[in-house]
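Shared between the two complexes below is subunit A, which has subunit B as its partner in the first and subunit C in the second.
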Partner chain A sequence: MTRGILGLVLRACVVLTGVALATFALLWNAPGDPALAIALARYDTVVPADVIDRVRVEAGLDGGFWAAFKGWVGPLMAGDLGRSSVTGRAVWPELAAAGSYTVPLAVAGLGIGLAISVPLAVIATRAPGGWTDRFAVALASLGAAVPAYWLGLLLILLFAVHLGWLPAMGARTRAHVILPALTLGLGVAASLTRIIRSGILEARGQQFLPALRRRGVSDRAIGRDHVVPHAAIPVVTVFGLELAFLLEGTVMVEVIFGRPGLGSFLVAAIAARDFPKVQAVVLLTALVFVVVNLLVDVVYRLIDPRIGERDA
Partner chain B sequence: MTLSVSGLGAVRSGRTILHPTSLEIASGDRIGLVGASGSGKSTLGHALIDDLRAQGRGVAHVPQSPDEALDPLRSLEFHWNEAELALKAPPDADRRKRLLSALKIAGGDLGKRPWGWSRGMQQRFVIAMALIGSPELIVLDEPTSALDPVIAADTMDLLESHLNGTGTATLLITHDLGLAARRVSRLMVMDEGRVVEAASTQDLLECPRTGAAKSLCAHRSWLAVPC
Partner chain C sequence: MRSVIALFGAFVLVAVFGPLVAPHDPSAINVPNRLSSPGAEWFLGTDALGRDILSRLLHGARWSLGLAFLVSVIGLLIGTLAGLAAALGGRLADWLVMRTTDTFLAFPDLVAAVVIAGLLGAGTGSLVLALSVTGWMRYARVARGIGLSLATRGYVLQAKLAGMSPLAIARWHYLPSLLPSLTVVWTGMFARAILGISALGFLGFGVQPPLPEWGTMLLDARIHMLSTPLQMIWPGLAVVVCVLVINLAGDALRDALAERDDPA
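For the complex of A and B:
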């Protein structure tokens, strides 16, 4: 088990190194002269060639790919994300400020998704094929088919324009997070409901359950000790994928609701060719992914140690 | 005390797989239930257990395969504790040790999941669990199909000596007439969801009357097998 987890951590490090190298190479080879773009973004006028060359040296772009890569990765190891190549200010505080809008939104979206999907799936599977089940499945399919921007606009129209209950745009007060979180949460709920529902149904069909009942084990204990762990396996498995959906959805929802956050931070950074900022966001995203998938793998092995045994 | 059930039956996907059946089992009986594959033996065993449980009688079940008895995600110890709890039997480490050594699996690590044990050991674990509550009847569904012939005979001997004098009756389900002949005093033959013949083991082996019994007896050479 410990060895298995060590292997997973090692794998995570390899993935992160790969991501760092790939993003850097991608930005390095993007069309156009990065030094020119930076100079334009910084001075906002036509810039003479010697200024561009100075910018190139300042941004560490003159020594070739590997020198530039080393200049970036070295401080990164110590947790330093570097400075913006446009403004010259440290990236980390700005990134943290943007994250302070995005993280609560993502967490609230996930929370709403779970708060809707778990009870809905449990109610639906009380009578599989019954009308509540069909209703839940139809609702989930509808939710998965509706794009976030459409749902977001619908919610804005209803709660902000029509009823006037909730604020829609920006992020001035706490209440501003409700509509974006709802938009995100309904999308999450739609996909999770289907996964949890089929997980429960599959777990209920396990071949050893009739014998447990004949042994006198109560339905409550069977549900708690046998059905839930088996149903959790597919849910935990897709959790990593669900996160991808969540990240993508968060950026989209931030744009719809005009919220500051990592979404607008990234868009602005790309437009200004602010390499260090773009890299910081991509790396952060990759880190979140790797850590969550690492946790998923560990939880997965705790529930079903057969997974680890097979690997070894 | 005699266990009696009447009107057992089962319908699956619109097909009657067990026609109305009544049974009487006296305390300490050794009954064999034989028949071809698919004749409805397991179905009758399940219906019998469910009916007796509903009557509040103590009845234990050893399913046809350990996969049908044990949750692969839960340790063997968990299963044992769960079975004790289900029987409202207070946890008793001595009893556990006694039963596990009676079936010669006391050396196994109970912290492991079922798949950490061999199938033969799992099967004997399930048999040991069936003995926890000193039930009035144990239904053994092909209890030795996961075991090699020597261990199978051994296991049946261990079980027999453990049950001797306890009054616990057994219903041994098998398609192996050779196994049944050595272990039971009364035989029932099933065919297409019906008990078509029931007689003492000796009578049935000497003069089978129905076609199903005759074809089973045609394989008398099985009697040479050690179990």
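For the complex of A and C:
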């Protein structure tokens, strides 16, 4: 067991190294001279060649890929994300400020998603194949096909323009989070409903359930002690997958609603070719994803020790 | 199942022949008729430059569906090769391929695609590259999983003992068993690619105007959302209907395969 978990941690470390390398290589190989891009972003005019060379040395870009990679990873290990190549300010505080808008949005979106999908899946599985079940599956299929940016625009049209109930753009008040969170939450609900539904159905199909029933265990007790733990396993796994959905969902939603946050931060950084900022966001999202999935794998093994044996 | 496949075929027909039946030139600018409501002449209305929206949607199918097809097939090829290499190439190859797959999976698709397309410069080429690079991992996992389970089958062992090369085994014994499952994965990835292409188009990193890609059209329409909300409805609806039908076709295919393998 401990050995299995150690193996998972080791694997996560390998993946994180790969993530850092891939992030850096991507920006290193982006077309155009990075030193020129930095110089242009900083001085915003025609830049003489000696200034570009000075910028190149300053930014540690003169020693080739591996030297530059080392110069970037070294401080990174200490938690230093470097400085914006445009403004020269440290990236970390700005990133944290952007994150303080994204995290509540993601949490609210996940909350709405759970609040819709769990009851829907429970009601649907009462009579598999019945009309409530078909309705839930149809709703989930439809939800999975609706792109977040379109749904967001439709919600703005309905609630902000026609009804005038809710604010749409920006993040000035608490009410500003409602429409973005709803956009995100409906998408989350669509995928969660399907997964929770099949989790419950699979748990119900377990062969020991009829045996329990014949022994006179009540339906309620069977549900609580046997069906729920079984259904929990896919839900835990999905939590890791859903996180990726939340991360990319927030990018779109923030752009549509003109809301500050990691998504807007990323899109602005790409437009300005501010490489340290782009690297920071990409690395952060990948780090969150890897760590959460590591935790999911560990929890998974704690719930069901058979999983580790099957892998080995 | 049949009706879904028929619908799916209808989309292919629209993507291929749609431009031929489009009533107007999709890029013909007609400023006096700008932002007109749906009517007899302009069936779905016109956009801010007076271009016919129906014609743009029909031509746009080529971009939105055609590029998504291309991206999903490139992903299928890369992923299948990677998965087979992992399953057949020994422990080191397996480790390398699977850790690379994990690494690529660690980046949320859309975030990575936005970064790649944004850094390479907006355009159709970088769009295809960005979505292909981020869209092969699921195929690789499925191909490897099935490949590993095949390795212990009698006929594969016999082929190995008879001196058949790994390449020939991959071609004649693995590929036929992989195809059904990979087709199911492909339908899902095709739908994802449609969403990805229109998302990047909407963010301004994808197909560039004046080309009539659906996400790009939506970006245009957004500015006039308050005066002509209908203009914004159509491209989004096109995406939803296509993705829905493709997903349903994938579900139907998966169920049919499950029934064939395990007739209850």
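Basically, the second predicted complex is superposed on the first by the 310 of 312 C-alpha atoms of A that agree within 3 Å, B and C clash if a C-alpha of one lies under 4 Å from a C-alpha of the other, contacts with A are read in each partner's own complex, and residues count from 1 in each chain.
The definition used in the following text is that a residue touches a chain if its C-beta (ideal position, glycine included) is under 8 Å from a C-beta of that chain, and two chains touch if they have at least 3 such contacts.
Quantities reported herein were computed from a predicted structural model and do not represent experimental measurements.
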Partner chain(s) touched by A:G205 [first = subunit B, second = subunit C, both, neither]: neither
Which superposed partner A:M252 touches (first subunit B, second subunit C, both, neither): second
Between subunit B and subunit C, more extensive residue contact with subunit A: C
Contacts of A:R214 with subunit B and subunit C, given as first, second, both or neither: first
Partner chain(s) touched by A:V290 [first = subunit B, second = subunit C, both, neither]: second
Which superposed partner A:L157 touches (first subunit B, second subunit C, both, neither): second
First, second, both or neither for A:G18, with subunit B first and subunit C second: second
Subunit B versus subunit C as contact partner of A:V282, first or second or both or neither: second
Touching partner for A:H226 - first (subunit B), second (subunit C), both, neither: first
Which superposed partner A:A145 touches (first subunit B, second subunit C, both, neither): second
List of subunit A residues in touch with subunit C within their complex: 11, 14-16, 18-19, 22, 26-27, 30-31, 141-142, 144-150, 153-154, 156-157, 161, 244-245, 247-248, 251-252, 255, 266-267, 270-271, 273, 278, 281-282, 285-286, 289-290
Interface residues, subunit C side, partner subunit A - complex: 99-100, 102-104, 106-112, 114-116, 118-121, 191, 195, 198-199, 202-203, 205, 215, 218, 222, 225-226, 229, 232-233, 236, 239-241, 243-244, 247-248, 251
Contacting residues of subunit B [partner subunit A, same complex]: 46, 49-50, 53, 60-61, 63, 67-74, 78, 82-83, 85-87, 113, 115, 129
Contact set on subunit A toward subunit B in their complex: 206-208, 210-212, 214-218, 221, 225-226, 229-230, 303-306
